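These are the structures in question, set out in turn.
Below, chain A partners chain B and then partners chain C, in two separate complexes.
Entry: the complex of A and B
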């Protein structure tokens, strides 16, 4: 059995609800989707037990009623995993991962500014990457956002 | 006094020191500006030298659109330059925003923030276009001073015909 398949089996043994969404896309590329309320434990398991010890970036997506957050994790052997979670736009709150990856702070701030998510546990600081005088209720990477000129 | 002014203007035209500032460019125009400074194109034959600080510079050579984060810094660098000062906008983005116009993080062209003396279009503007723009800017300085010098030889340099560089009145720089 391949290494990727080992990781998949290990994870599914621990969390059987991941059976359908945990996929080996192609060699060295894995993807999984997890509900928001189970995210922390799955994330901790993958980072600490499956040794996904590198965070490449966090991607935000606007999917209509939901916001999607894709955590791109990597580990030894060139294996990367796209761990996805969603939060409804009405309640766009996710937990911070800065306790595990301190460098994730700027990715989370980008998600806060550009998608209007709220990150629980993120320490207070200046806003990034938008300017300080940017209106608080405008998030330029949401699909329904329009620039001044296109309004 | 006229004589001294003449000397100062002569010196200014013979050695315009420039400061290169990237206000959000993709780096293509910066490469072309640096290429223009190399011995191959050799702007130093016009006395142009790249300086490391705005306090030594006469000409601010800007590339790229002005992002919202950098507009205050660009203004501050412009304010630090001694009078008289000139701004050259290099590239399509610096002239009017280019492809970045309307982006959430972009204010627009250089002239939205500081007065611009010469516009050099192009994506990227080539070294030859940059040199042409700078030389036209210098030539225009020469012309503005001409009438105050009696008995000076008339230059038969024509005003540029809507080409590479557009000339604003250098006297209106604050």
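Entry: the complex of A and C
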């Protein structure tokens, strides 16, 4: 069995509900989707037990009624895992992962600015990348926000 | 604020937003106690241009040209990272010859970038002779890139499904000749950097970050490898033609600016090795396959070892002509977060070389144009030239004399056999 399959088997043995969503896409590429309320435990398991000790970045997405968050994790052997979760736009709150990955701060701030997410536990600091005078209700990477030339 | 009984003052020195050494804007806010840095706040975003949004409003093919322009130095890195993702989603079998050409351009880009960096680093410590020689040498590789692609930067060599231009045997000969000269020069720079005591001392013990902290804070590329982190995307997640090429991943255990210098110099030697293999082994065949206008629904995560470190692109297609989502995380965004750590408890005079040593590209990192007006009344604001002059004077007063290194470098270059 490949490393990728090993990781998949280990993880679904621990979390049965991931059975269908945890996929080996191709060598060195894994993907899984987890509900927000189970995110922490799955994340901790993958980072500490399955040794995904690198965070490449976090991608925010506009999923219509929800905001999506894809955590791009990586480990030895060049194996990456896209761990996705969602939060409704009515309650677009996630918890910070900066205790585990201090470098996540800038990626979390980016999602706050560009998607209007709220990240619990994120310490006070400068926003990124928008200016301080940017209108509070405008989130440029949401699908309903149009740039000037496209309005 | 000013107590005449205290001879140590704590005050903040904002630097920027039109930042110094780095010709793109960035903002550092430094808390200083006497001469020591207590803390650094970094404000990014001045160069943010809304490129990810712009990608959603253009076709997949138009985005190749857009993304290439994130940065003039790592342009091929972004272009390749992106097309790889799109090609994976579309299930395209890129011809081997195209992969070799992509790799060739990528390594030539690494060479020009590292030569550029050597000059910048030299400039930061007052070693302008190094700047002049390395930027002169860099013209060899810029000429090769212009010859191969038509451009010195933003090469436009990639298309979805392959590359747009082939290389000829004559160009192969020119490449080998250029690499021979560059390799000879690089050996001189290695000698100066590693054997000239004044330079070694100047760069050592500055900008320290341990291996554990480099990993914890997410450092990438030469910045991480100089702290012993044995990671290079070309080896562990091979793309383009790297799986078929023989090269070493360079690491160093000094954990400081000296280590970062050594890593980049030795990486240059590995790049020359790779380029020679490509010219020798490049397979025959077509240089592109046709790509559909509409990319099937799907997603892909692509990683590329840019000169500055890991560059990642995530692309999602909804089955249409324009991407649903394009996410880019350039290497500098990962590395800039280590700068605070490197500067803590250090002297203000160390700042220029420490920042320069992560080889920052704020164009890769910040992609929105913002305008900030400096408050003319602020007394603590220090213009870059002032900080650099201060740094040069500070080190000179402590015995750093670049004249010896300059003389040595002049003499070494005079002994060269290759044509200028």
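Everything below uses one rule, namely that the second predicted complex is superposed on the first by the 146 of 151 C-alpha atoms of A that agree within 3 Å, B and C clash if a C-alpha of one lies under 4 Å from a C-alpha of the other, contacts with A are read in each partner's own complex, and residues count from 1 in each chain.
The working rule: a residue touches a chain if its C-beta (ideal position, glycine included) is under 8 Å from a C-beta of that chain, and two chains touch if they have at least 3 such contacts.
Worth saying up front: this structure is predicted, and the values here are computed from it rather than measured.
K.L.:
With both complexes superposed on chain A, which partner does A:61 reach: first (chain B), second (chain C), both or neither?
P.N.:
Only chain C; A:61 stays clear of chain B.
K.L.:
Given the touch rule stated above, what does A:29 touch, chain B (first), chain C (second), both, or neither?
P.N.:
second
K.L.:
Is A:70 in contact with chain B, with chain C, with both, or with neither (first, second, both, neither)?
P.N.:
After superposition on chain A, A:70 lies in contact with chain C alone.
K.L.:
Give one of first, second, both or neither to describe whether A:78 is in contact with chain B, with chain C, with both, or with none.
P.N.:
In the superposition, A:78 contacts chain C only.
K.L.:
Using the superposition on chain A described above, determine whether A:14 touches chain B (first), chain C (second), both, or neither.
P.N.:
A:14 contacts neither chain B nor chain C.
K.L.:
Using the touch definition from the top, say if A:98 reaches chain B (first), chain C (second), both or neither.
P.N.:
neither
K.L.:
Should A:53 be classified as contacting the first partner (chain B), the second (chain C), both, or neither?
P.N.:
Touch partner of A:53: chain C, not chain B.
K.L.:
Of chain B and chain C, which one contacts the greater number of residues in chain A?
P.N.:
C
K.L.:
Now for A:130: first (chain B), second (chain C), both, or neither, which partner does it touch?
P.N.:
Both partners.
K.L.:
Taking the contacts chain A makes with chain B in one complex and with chain C in the other, which residues are shared?
P.N.:
Residues 129-131, 140, 145, 147, 150, which sit in both footprints.
K.L.:
Of all residues in chain A, which touch chain B in the complex?
P.N.:
129-131, 134, 140, 145, 147-150
K.L.:
Considering the complex alone, what residue numbers of chain B touch chain A?
P.N.:
68-69, 101-105
K.L.:
So in the complex, which bits of chain A are touching chain C?
P.N.:
Per the touch definition, chain A meets chain C at residues 26, 28-29, 53-57, 59, 61, 70, 72, 74, 76-78, 80, 82, 101-103, 105-107, 125-131, 140-141, 145, 147, 150.
K.L.:
Which residues of chain C touch chain A in their complex?
P.N.:
Residues in contact with chain A: 41-45, 48, 50, 52-54, 57, 88, 215-218, 233, 236-238, 299-301, 303, 310, 312, 314, 316, 325, 327, 329, 333-334, 336-337, 366-368, 370, 372.
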